[in-house]
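Common to both upcoming complexes is chain A, partnered first by chain B, then by chain C.
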Partner chain A sequence: MSLLLVILIQAAFYALLGMGYVLIYRATRILNLAHGDLMVLGAFLFFQALVMTGGNLPVAVAVGLVGSAIVGALTYFGVMRPLAGYPVAVGVLATIALGIVLRSLTTFIWTGQTRYPGEFLGQLGKPIQLMAGLSISGIDVGIIVVAAMAMIGFPILLQRAAIGVEMRGVAENALLAAQRGINIHTINAVSWAAATAMAAVAGIFFALKVRLGPDIWYVGLAGFAPALIGGMDSLKGIALGALIVAAAEVLASRFIAPQIAMAAPFLILLVALWIRPWGIFGSKEELERI
Partner chain B sequence: MSLSRMTVVTATCALSVLIATPALAQYKIGISGAATGPASPSYLPHIEGFRTYLRQLNDKGGVNGNKIDFVLLDDKAAPSEAANNAKRLMDDDSVIAVSLMSLSSTYAPMFQAASRTKTPVLLLGQAVCPANAATSQMNPYVFCGGSTSDPNTAGFWQVPLVKALAEKNKDDLKLALVAADIPVSRQGIDNMEKIAGQLKIPVVDKQAIPPAAADVSGAASRIIASGANYVTSWAPVTTAVQMLGALRRQGWNGWFIHNHSGDAEDTLRQLKDPKLVMSPEYAFTVEKLPVFAEIEAAAKKYGVSLPVDTLSLGWASGMVLEEVLKKCGSPCTREKLVDVLNNISVQTAGIYPDPVKWTKDDHTRPASFTAYAWDPKTSSVKRITDWARVSAGKLATVKVLD
Partner chain C sequence: MNPFAALPSTLRTNYRSDMQLLDSGFVRFWAIAGLCIALVLPLLLTNFWTGIANQVFIAVIGALALNLLMGTTGQISLGHAGFIAAGAFTSAALVTHFEAPIVVSLIAATILGAILGVLVGLPALRLKGLYLAVSTLAAYFVIVVGLGQYQAAISYGAGFTMPPAGIFGYTIGSERNWFYVLLPITLVVLLINVNWLRSAYGRAWMAIHHRDISAESLGINAAVYKLLAFSASTALTCFAGALWAYHTGFVSVEAFDFHMLIQYLAIVIIGGLGSIIGCVLGAIFVVVLPHVISYATEAIPALQGMGSKVFELQIGVFGVIMLLFLILEPRGLAGIWARVRFYFQLWPFKYRAWES
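Up next, the complex of A and B:
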């Protein structure tokens, strides 16, 4: 039972991470390899606000999310938009460069000191006893709840809201969408903003749960495997991809060795790529277009 | 006309003096360290502490009238980067010594280059001493001046410490061992397992965690399932804290005894977990040594915003280098420097309780250990054992303070 709970928490975290990859991929067909660094930046914005407000969690979260969304939109306009029309690989390489720049910037601003913002959580960070031998911390409850809200909320937004419909339109055929009067650059910027805000959500949770430092960018890469397994352009695929990856990691770690846990998701990814390279819920034609 | 001639004469004289004066002599020192990357939290503060010491030393006039020209290169804790750095520093920049502040996985290329170019390599900051440092197999150009004794020595303190704490708490001790999945760390817990066997301590689980693991909840659940009530780690602090967090979130309430790191005191202060114990080989700032005030003043002067306790090991490394260069004189060659290093003893104002002392046959640093934990009553970090001199092969005597 406790193992199932651990898998669920882990899957929720991976879903939050993977969602950022999917949102950007759907909109611009770019695999954003700066996702981990954007995650770190969002977490540091949150941390800075937390310190400056003396531990006001809601304000700090708002600063982290809004700040990240702005950074995401600016990234689109400043870095990605000028590369429109170039091969996709150029955009991907640009995200690698962006990641390195962001990493240096966060180290320059916040130094390499490891921070543990979890100390601001108080009782939220403490385990809650659910039943005999089964406990969960407040922060883990938060991860599950936020991931569930995002998994339900984003598809509804895409189906019902005007901006969501426009995002879908741009994702399906940008040229047609533009001809219909949709400002595709604004829509792409919104996608980047939303994805970067999601990266910040994951970064904030990781910082509160584990630690915060410029070095944690690699955690962001953990969302890559769930996104690929679920389908790079599929939000609903993320949930399943995240569950598969989390289960593989946790079970390998628990019953074999932690070293295997790191490899397990990627072994599954390899198998998934052989059988269904576009992911469980991904679109076949999109992959072929790449 | 005469004024013009005077000007020309003066200018010529001035030029002659300038040409005749030799360029300001310098000691060229290389620093290769994990300034970025997953291991950087453990090493970057020491690099900063070291740089800060050297900067203030240069501002005071340097050593023997020579400034220290330090070339800092980031190895990202990657062996390939370390190999590049070794080549650049030893071959291209012709430094007289390299200070290495990084993971043990970077040692091999650096040590090979040291042998080839006969350049001394000082393991400083938190760099772990190789297990063969006190044997004839030790690379003759490598000297251990870092805060972490070889994995064989550390276990002879840490396992008796666990036992002493369990006895004091009247706990039926069941021990789990945690390492980072890097060679020296694994060696550390292998050695601890043997020592635990000698002390008849049941080891119920043993794990090596990949340093880049995003989550260790599965590994933590295995420790909990094993029934361990004490966990001890010999690993980078990030691995230890990640495991401790995962254990606590799953409701585990046991003791976690970690070796240490350069930011061990800062970590205790931030986590405020009274059952997390750090067992360093150097003094925390709670000891209130005068040198900590010096470090604080220098950090302020040079705009270094890291806590003093994270800078102290780098500062001590600078003190060692200063003394070595002082003895080497001017000019100081690599060969002369090796001779000096093979016969030196340096006090570090109490940061290390024993002098950093090397001989031709022993390139380790004499090690004394203690333990600190967070005291919720005083809301401060507190030393919980006496200091104990420890050497490989001899079980330490641990006295837990009240």
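Up next, the complex of A and C:
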């Protein structure tokens, strides 16, 4: 029972990460391998605000999210927009390069030291007794609630809100969308901003729950596994992908060896790519197959 | 011989001149001069810089392998550091368990690399572009974690110390010895790559790069040639990895981190994808740059006191340069080189009649 809970929490965390990948992929057809570093940057912005306000959690979260969104939009205009029209591979390589720039930047500003912002949590960090032998901490409840809200909220946003419809239009046919008077660059920048803010959400949760340091970027990188398993262009696929990956990781670390757990998402991903490359809910046409 | 008498020409009038490797007096002169300079170089350099030159040689071999896959065949591979690790660990394991001599372990690493390449290449028959890149990245993580487990089990996590390499009873001890071993090896690997590119293999790979479906309709078995490219590339990578293990003298899984992966990507991107001269230029650039930066931090007063942050600075500068090349000059240093060359070739005229 407690194992199931651990898997659920981990899956919720992966869903938060995977959503960032999917948002960017839907908008610009790029796998953003800098996502982990954007996550670290968002978490550090949050941490900085937390320290400066003396532990004011809502303000710090707001600073982290808004700061990350701005970084995301700047990334689009600074790096991705000049690369429009290049092969997809170039864009992916550019995100790798961007990732190491961000990584060295965060290490430069905040040093490589590991921090524990969780100490600012106070009562939220304390475990809550659900039933006998089963407890959950406040921050874990937060992860699950936010992930669920995002899983429900984003599809509604994309279906109903004007900006969501425009996003879908740009993703489907950018040229046609531009002809209809939609500013595709603004829309893509919004997608990048939203995805980076999602990365910051995941980063903040990880920092509060576990630790914060420049070395946690690989946690964010692992998030592309659930996104690909679920289907890169599908938001609902992420939930299932995240559950599969989280289950594999938690079970591997519990029953085989903790070191194996780090490779588990990627092992699952390799198998999934071999069996069903377009993902569980992804559309087949998206994949350039031979 | 006047070195500037006959510049290399792109206009060929017969097949023989088209197949010539050193096609003009200019190229012949500089090839011989370059070789002479390379031969006396270790006598002029300090031990430290000879070591850097040796790292460049190994990086050139590794980069040529990556370029074969990414530049020539157009299959993105993000697992390169994993394959280098596989080569290095093969020789380390052979030395630890069987005390194998260097020749045996180099050959074994190369053969294992060829087999590993087929395994890693198999998804390439089904996947393209982004998805292939991701599958190689996933393979990288799986390989590195697997090797880490092996290292933990055998050497209790400490890593493997390699014995000094020796051929025919002669020990390759100093960096200077290594230089004279690695120089001919690198030249042979360069020649193999040049010959691959101008043979039927190279043409088939380039055809697959441009569009695999049309390559198939021309009678090229795309599946076979893709696997061949993966196999040849990974074999060469593992060979470089084994050389790296012997040259470094110590094999530990921490060396094959994400940073090494990025370094090799940087070499082929900064050098220019698909270009052999680009691999050489890129390898020199990427290997020497960190040392220039750390030298600069000591020499320039404004940068002093960076101390422990030099490593971050090096990585950051790498990333920025990679980004700049991707955005501003996708053809890399090789593209700049070609532009300078054409400028002098065409002088005093400015424009070429065709784009090459």
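FYI, the second predicted complex is superposed on the first by the 288 of 290 C-alpha atoms of A that agree within 3 Å, B and C clash if a C-alpha of one lies under 4 Å from a C-alpha of the other, contacts with A are read in each partner's own complex, and residues count from 1 in each chain.
Please note the rule applied: a residue touches a chain if its C-beta (ideal position, glycine included) is under 8 Å from a C-beta of that chain, and two chains touch if they have at least 3 such contacts.
On a predicted model such as this, the values are computed, not experimentally measured, just so you know.
Aligning the two structures on chain A places chain B and chain C in clashing positions. Contacts of A:I96 after superposition: chain C is touched, whereas chain B is not reached.
Within the superposed three-chain model, A:I182 lies out of touch with both chain B and chain C [touch as defined at top].
When the two complexes are overlaid on their common chain A, residue A:V165 makes contact with neither chain B nor chain C. In the superposed pair of complexes, A:Q10 makes contact with chain B only, with no contact to chain C. With both structures placed on the common chain, the touch criterion links A:I144 to neither chain B nor chain C. In the superposition on chain A, contact of A:Q259 is made with both chain B and chain C. Shared-chain residue A:T107: touches chain B and chain C both.
Judged by the touch definition given at the top, the superposed model places A:V66 against neither chain B nor chain C. Taking the listed stretches 21-29, 57-65 or 75-83 of chain B in turn, the superposition on chain A shows a clash with chain C for 75-83 alone.
Within chain A, the residues touching chain B in one complex and chain C in the other are 103-104, 107, 218, 257, 259, 262.
Per the touch definition, chain B reaches chain A in the complex via residues 35-41, 44-45, 48, 181, 207-210, 212-219, 221-222, 224-225, 237-238, 241-242, 245, 248-251, 263, 266-267, 270-272, 305-307, 310.
The residues of chain C lying in touch with chain A in their complex are 70, 76, 78, 123, 125-131, 133-135, 137-139, 141-142, 145-146, 148-149, 152, 212-213, 222, 258-259, 262, 265-266, 269, 309, 312-313, 315-316, 318-320, 322-323, 326-327, 330. Those residues of chain A that touch chain B in the complex are listed here as 2-3, 6, 9-10, 13, 103-104, 107, 111-116, 118-119, 127, 129, 133-137, 139-140, 206, 209-211, 213-216, 218-219, 222, 249-255, 257-259, 261-262.
Remark: chain A residues 31, 33, 79, 82-83, 86-90, 92-94, 96-101, 103-105, 107-108, 218, 224-225, 228, 257, 259-260, 262-263, 266-267, 269-270, 273-274, 277, 287-290 touch chain C in the complex.
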